[in-house]
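Across the two complexes that follow, chain A remains constant while its partner is chain B and subsequently chain C.
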Partner chain A sequence: MSKTVLEKDKNNLESNEAKAPREKLFHIAKRMDVSLQYKIIVRVISIVTALLMCAFVLNIFKPGKFFTIFSSSFNALTGSTNKFFITLDEFAILLGISIAILPAFKMKFWNLGAEGQILIGGLAAVLVSKYIGPYVPNVLCTILMLIFAIIAGGVWALIPAFFKAKFNTNETLFTLMMNYLAMGFIAFFEQVIDPAHGTIAQLTNGTFPDATDNVKTIIAFVIVVLMTLFMFGYLNKTKHGYELTVVGETRNTAKYIGINVKAVIMRTVVLCGILCGIIGYFTVLKQKSISPNIIGGKGFTAVMIAWLGHMNVVEVIVMAFLVAFITRGSSVAATNVDLGSAFTNITIAIFLITILAFEFFLNYEVHFNKKIFKSKKEVKEVEE
Partner chain B sequence: MSPSLLVLLNMKKNLVLQLKNISKSFGKVQANSNVSLDLYEGEILSLLGENGSGKTSLMNIVAGIYFPDSGSVEIKGEPVKITSPKDAFKYKIGMVHQHFKLVDIFTATENVVVGLDKKTRASILEDSENVKVQETKEQPKENILKRVFNFITKSNLKDSADRIKNICNKYGFVLDPNKRVCDMSVSEKQTLEIIKTLYRGVDILILDEPTAVLTPQEIDKLFAVLRKMKEAGKSIIIITHKLNEVMDISDRITVLRKGELIGTVNKVDTSIEQLTEMMVGQKTELNIERSEPKGKEKLLEVKNLSVKNAFGHDVLEDISFELKEGEILGIAGISGNGQKELLEAIAGVQPIANGEVIYHRLKKNKPVSFYHKSLNQIKTLASEGAFHTSKGEKVNFEGITNFEIRNRVNNGEILFNDNETMLLKGKNPREIRELGIHLAFVPEDRLGMGLVGNMNINENMMLRSYRKGNGPFLNFKKPRDTAEKIINELEVATTSANVQVKKLSGGNVQKVLVGREIAYAPSVFMVAYPVRGLDINSSYTIYNLLNKQKQNGVGIIYVGEDLDVLLALADRILVLCNGKVSGVVDARKVDKRELGALMLGK
Partner chain C sequence: MFIRLLKEAFRLTPAFLFGSTGETLTEKSGHLNLGTPGIMCMGVAGGMIGINLYDKICGGFENASPVLTFIFVVFFALLLGALSGLIFSFFTVSLRCNQNVMGLAYTTFGIGFYGLIFKTIESSHFQSIFFYNNYCSTINTLFISDQACTNNFQYLFGANGVLWFMSFTIAIAVAVVLKRTKVGLFVRAVGENAGCADAAGINVSTYRYVTTIIGSAISALGGLYYFVEMNVGLLEFGNVDAYGWLAVALVIFTLWKTDLGILGAILFAFLFKLPEIYGLPSPQLNMLFQYLPYFVTIIILVMISAFDKKAAQAPGNLGIPYFREER
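== the complex of A and B ==
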């Protein structure tokens, strides 16, 4: 009798299982420990995939040109002295901006205003060159340009930082809006300086018009290298760097331990602004002018670089180099196969999104439901 | 016949919920492994276990918040899949979580009906056994004005409010349906949570640590209500780790330890001793050594302290007490009655509206040194007559060179007449530290207030000391030594000092924090809920550390929730109620009931 009861039970169970909602195929769990080895592997796979995706997209536009993007990228790096310097310039600017926003990001102050801070620094340099330049020697003029660029960038950054510290306003929107304000300022001064054309003519005072672009690129690169070294030390070895990390991690712990959170926020963001001002200065030095679109969205690309570099100086250097590499590569490829300049933007977007998507594997692990897979296997075996 | 069989016979009850071999893991942490559990109609089952034994996660599986990795859930004999709290309500399961899930600015009624659509609400009202629902015909389209009017006057919720009143009458709850949650006490909020589930018509009610936030008197009330619900045929699961309550209320007890099922026993067959053994693996007694306080000198004095919250309400009102050297002052009170603000006000984190915190540096008849005082300060103090010499003479520095003063001070000839007093009001933690006052503080939220989870042990040691030394650079050597010392002496289970603190277990995190604060050589040591979430062994480590500090003459303020521990550990207990001192009692003479009454402000 007991046997029949058991069988009945079994039948019941089976019918119930059929009725019950489907079990989940897999579930996702947060990763606690990530070994360096695993991290590097995921990163390499993500970068290779990202490159392949870019090549694939190019292949869609121009069939048969799958490998062009790789050859172009290397061509952009080593093809000629000129091309090399253009790539170096791209790398220097991207790395410079990424490094500049790094302390704010480490403090979890999402400064999207790098672009505005650079523009306003650049504008200050331009105004110095235009209105003070004629009355002072060239060297003094360029020094004054740098000083005013630093002050302007710092003050521009201080505004959102002050409101964040004092009233806890949202820094993301605030800094973003400040970008458009900075652009508006430049458009305004373009009109003031040259009402007829609405652009700022090539500046001569303090911009070393005789020096070649390549020399200026080298100077910019050296400054960025110095900035990077400074930032590495600042974030990892100094009391300031320690304080801003604590503030970024838990504001309450910082408060309990007696860190002046408001002061740290303002100090750190002003440092970002100062570094952005420096970048603004050497942008003006090279372009000898300024316009609202002179940075061309690099402020936002740098945000991605800092984020993908996990706010770590070494990783940021690698990421900045890769992005510069692929930007220049796709730009060369676009000219080679006769595509518009928008192609560059498409490739960067695809490249960054692919790498960002792979972050998932660094943060989470996927567990498949062994039961379902087993039962499917069993079903297959039975069928065979 | 054994008593258990008798109980079984008397019950003659149906199985309503059955868990079979439930396993659940979070990453590498196995929260439950192969746990089975039965629940019968009209019984109260206690789920007993220490913190972290997997009680809450098991019940979250029943309530549809987690989905088990393996195992099955059966309701009245039928296997079901509960994938969301909505599913759980479908199967008439309701859970009251430890942290209430209520909307502060809503009234009780609004909180009960929020999330229910019109149809469900109507069907619930029809189902209701007690409320006669007027035949509400489906109106084609309600006038918008009328709807606005209804919304403003809340007359559309009248039916629901009536039903809530009925539920209250039936089970003996006391609750005003029109009271806003923000005006409610903790026990009212809990009542509301229970009513919320009853309103939706649950048969199985799960309560997660319902007594943790209640006074003894309120607990009695809650238990009376639960008994009534049980008589009405509802099944109740109570998650708890308090043994006397378990013995008081439950019919059967299921014990978990480290995620595994240890066993299920009938209350009549068991004893507190057996349950303790099941819970912790071996018999333990709350056996904390308590020495007599050493000194008699005042260390800290709080005078008429008032603190206001962000909305300008008084969270602390007119608090006054003293802390002597070498004593443990316990602070009891239902959580949220001002304990946090009190400690924060002393530590300089919370602004003080009124009153004063006075620190006494015990310097009477002790030599002056340049450690705390500059030459100029010493000169001023000397002219005020604050010093005497080792021979008992008056100190007069007039006409003496600085060099000679330095010599005399360094030789220890100049002594203080009296203890130094320092006013802490308006000073932030850093300024207090710079006065040379070693005020150690272990806040309640270890990773959110005391430590930085993403930093390693070394870096966390630096929090206290990173500012030391001149120049902009950090000194890594000393924190590393401190970290090594703490790991060795307190037996922190970690592979190295380079492990991120958030990866340590709760007990080890606490050891790191307490160790760091002790390494700071405190004179006043404030701890808030230091053993919350720790197992018994780690708890004893903490008690012993505190007692050792006490013997060294440190004044300790201990905010705790477990009254047994407070009674066994503290010398005096200050009871807070609604931000006021409702009593200061001798911990050696008072009992739990009296404390409970004081906690309620009676």
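== the complex of A and C ==
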């Protein structure tokens, strides 16, 4: 008798399920309070998974080379003095750009134009060195280069910021286009300075031609460290930092508590431009020239670093280091196994996309529908 | 001379038009897909994979049939494009990741993937340049060549490949679907206000998935066109993504309308080719002209925000992921 009842129950259950098609297997809810411990665990898992994914991708293209990427990364870091300095340079530039765009992102201003701001700053420095350099002493020339780079970067950043503040123009697309305008200006001046070759020859004035590249890398690194410390203080300890955070959270609240929103937008983005100008200056100092592709899309990588670092200085440092580490590693590995420079792009993208995917677990939680699972389980238990 | 300029401009047009049509469709559903340059690179990669596979099947281009080659390249470009769209929408719709970050990451990925396929196939076929060139010229024999044309009309419009005609057809079709059909209305509703659309019973996720996948597949054809018909299999690494960013600019320039996109793409191509064909008085001006499209786009961007006319605005929910509980 019991068996028939059970069968009946089972049938009932099944028919109930069929009748209620809207019952979902799981639903997603916003995670409200996330403990620091949970955050760190998710982060560590995401980074480890991302590194493994990079190794896995290399393994697809060159079977049996799973660990090559790690060994190359460590080799790039500790192999020789020169290799170390190249890695340090990569790290310094990535960290510098990420730190420079940090305040804008904290204000939810999508500044994709870091590359353009750096290029324009660098171009200003080049022009000063070219046209003012011969008439002034070297030290004065380099100071002038720095000053003009800062001004140029700031002005370049002010243009989209002004229109954002005035008309609420979409800054994502605006700053994106400004990158290419900056490249256009450089291409233009390349033709103006040397119409025969269309490139800018090595500069001598104000670029310290006697100093080695390694020394310049150290200088750049020190400047970036100072910038990072400044930014930490600026965002966390000053009134400016507080104001831009409020503007980023809700613009109306900012307005009602008496913050001049337009002024804050322009001020913050100009700060980004100034810092980018400084980066442009030491890029020129090192390369002694400039070309449209000198930054090579690092502005975009920095955007991803700043976003995945949650606009938090400490996390950004870690992310920038990891990206520099994996970039150098994959570029060394690619030369070793003959895959070409394009492979670096793939590893960076895979690395960042994997971490991006894990963001989901920080922001949301998945609730499985206990009713469905339980009823299935009960049926199973009864059957047994 | 002018006829030649027009011809060259027409020739370049689909490279922008495919990209901007796909991107417009995606943006109309509220997705700002900055991965378009990468997806166009994936289209090129798809073309290369298709040719390579067909080469293995038919054994040498002497036996190749143009129609089958064409089917192979288009199929693989569409496949990789759609796959890119699926990945993009899985991250931005299902996992609710930030669209700009995902787009930029995908662009990086696409450029890398294209370079890698290029490199891998190059090392397996010694003379890769001629390898692709042979196949792509087979496809182009489907139509009359430039030299065989008897009049200007034929020269301008007749002597073009299938993809060339496809680009215009698709642009018009997308415009009609968006403007005149119920599905188009739903897509626009999802893009303007996803919350409202959801309340009206439209499945926001499905619409965003489908439009992004179709849009990405169309964008991928832009890269394929550049590879197969415009450059006839001759590639310089690192050009495709520049066209991709121009395609993104074109979307704004044409105020999110794909029928206007045809004119916009022709204008962009015209500006792009003008210095090359005519040779402006100085090389400096030449350089500035190449970057004019970006400048014009900025002007348009400022103008639409300054005049604040509703019909000309970007979709209201552009770039905002939709989560029902957050309303």
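Just so it is clear, the second predicted complex is superposed on the first by the 355 of 384 C-alpha atoms of A that agree within 3 Å, B and C clash if a C-alpha of one lies under 4 Å from a C-alpha of the other, contacts with A are read in each partner's own complex, and residues count from 1 in each chain.
Keep in mind that, in the parts below, a residue touches a chain if its C-beta (ideal position, glycine included) is under 8 Å from a C-beta of that chain, and two chains touch if they have at least 3 such contacts.
Treat the numbers as computed from the prediction; the structure is a model and nothing was measured.
Enquirer: Overlaying the two complexes on chain A, which is it for chain B and chain C: clash or fit?
Expert: fit
Enquirer: For A:Ala201, using the defined touch cut-off, is the partner it touches chain B, chain C, both, or neither? Pick first, second, both or neither.
Expert: neither
Enquirer: Taking the superposition as given, does A:Thr238 touch the first partner, chain B, the second, chain C, both, or neither?
Expert: After superposition on chain A, A:Thr238 lies in contact with chain B alone.
Enquirer: Applying the touch criterion given at the start, work out whether A:Leu352 contacts chain B, chain C, both or neither, answering first, second, both or neither.
Expert: second
Enquirer: With the two complexes overlaid on chain A, check the angle at chain A between chain B and chain C, Cα centres, nearest 10°.
Expert: 90
Enquirer: Comparing chain C with chain B, which touches more residues belonging to chain A?
Expert: Greater contact footprint in residues on chain A: C.
Enquirer: Per the contact definition in the header, classify A:Val215: touching chain B only (first), chain C only (second), both, or neither.
Expert: neither
Enquirer: Tell me the contact category for A:Leu181 with respect to chain B and chain C: first, second, both or neither.
Expert: A:Leu181: touches chain C, not chain B.
Enquirer: For A:Gly258, select first, second, both or neither according to whether it touches chain B, chain C, the two together, or no partner.
Expert: first
Enquirer: Of the partners chain B and chain C, which touch A:Lys30 in the superposed model: first, second, both, neither?
Expert: both
Enquirer: Regarding the shared-chain residue A:Ala342, is it in contact with chain B (first), chain C (second), both, or neither?
Expert: A:Ala342 sits against chain C, while chain B stays out of touch.
Enquirer: Aligned on chain A, what is the least Cα gap between chain B and chain C? Give it in whole Å.
Expert: Least C-alpha distance: 5 Å.
Enquirer: Jot down the residues of chain A that show up as touching in both complexes, chain B in one and chain C in the other.
Expert: 29-30
Enquirer: Considering the complex alone, what residue numbers of chain B touch chain A?
Expert: These residues of chain B touch chain A: 26-28, 67, 70, 78-81, 83, 347-349, 428-433, 441, 443, 445, 447-455, 459, 462-464, 466-467, 472-474, 503.
Enquirer: Going by the contact rule at the top, pick out the chain C residues touching chain A in the complex.
Expert: That would be residues 32, 34, 91, 95-98, 100-102, 104-109, 111-116, 118-120, 123, 237, 245, 248-249, 252, 282-284, 286-288, 290-291, 294-295, 297-298, 301-302, 305-306, 308, 314, 319, 323, 325-326 of chain C.
Enquirer: Quick check: in the complex, which residue numbers of chain A touch chain C?
Expert: 28-30, 61, 110, 112, 163, 166-170, 172-174, 176-178, 180-181, 183-184, 187-188, 190-192, 195, 198, 297, 300-301, 303-304, 307-308, 338-350, 352-353, 356-357, 359-360, 363-364
Enquirer: Using the touch rule from the top, collect the residues of chain A that touch chain B in their complex.
Expert: Residue list for chain A touching chain B: 13, 16-17, 20-21, 23-24, 27, 29-33, 237-243, 245-246, 249-250, 252-253, 255-260, 371.
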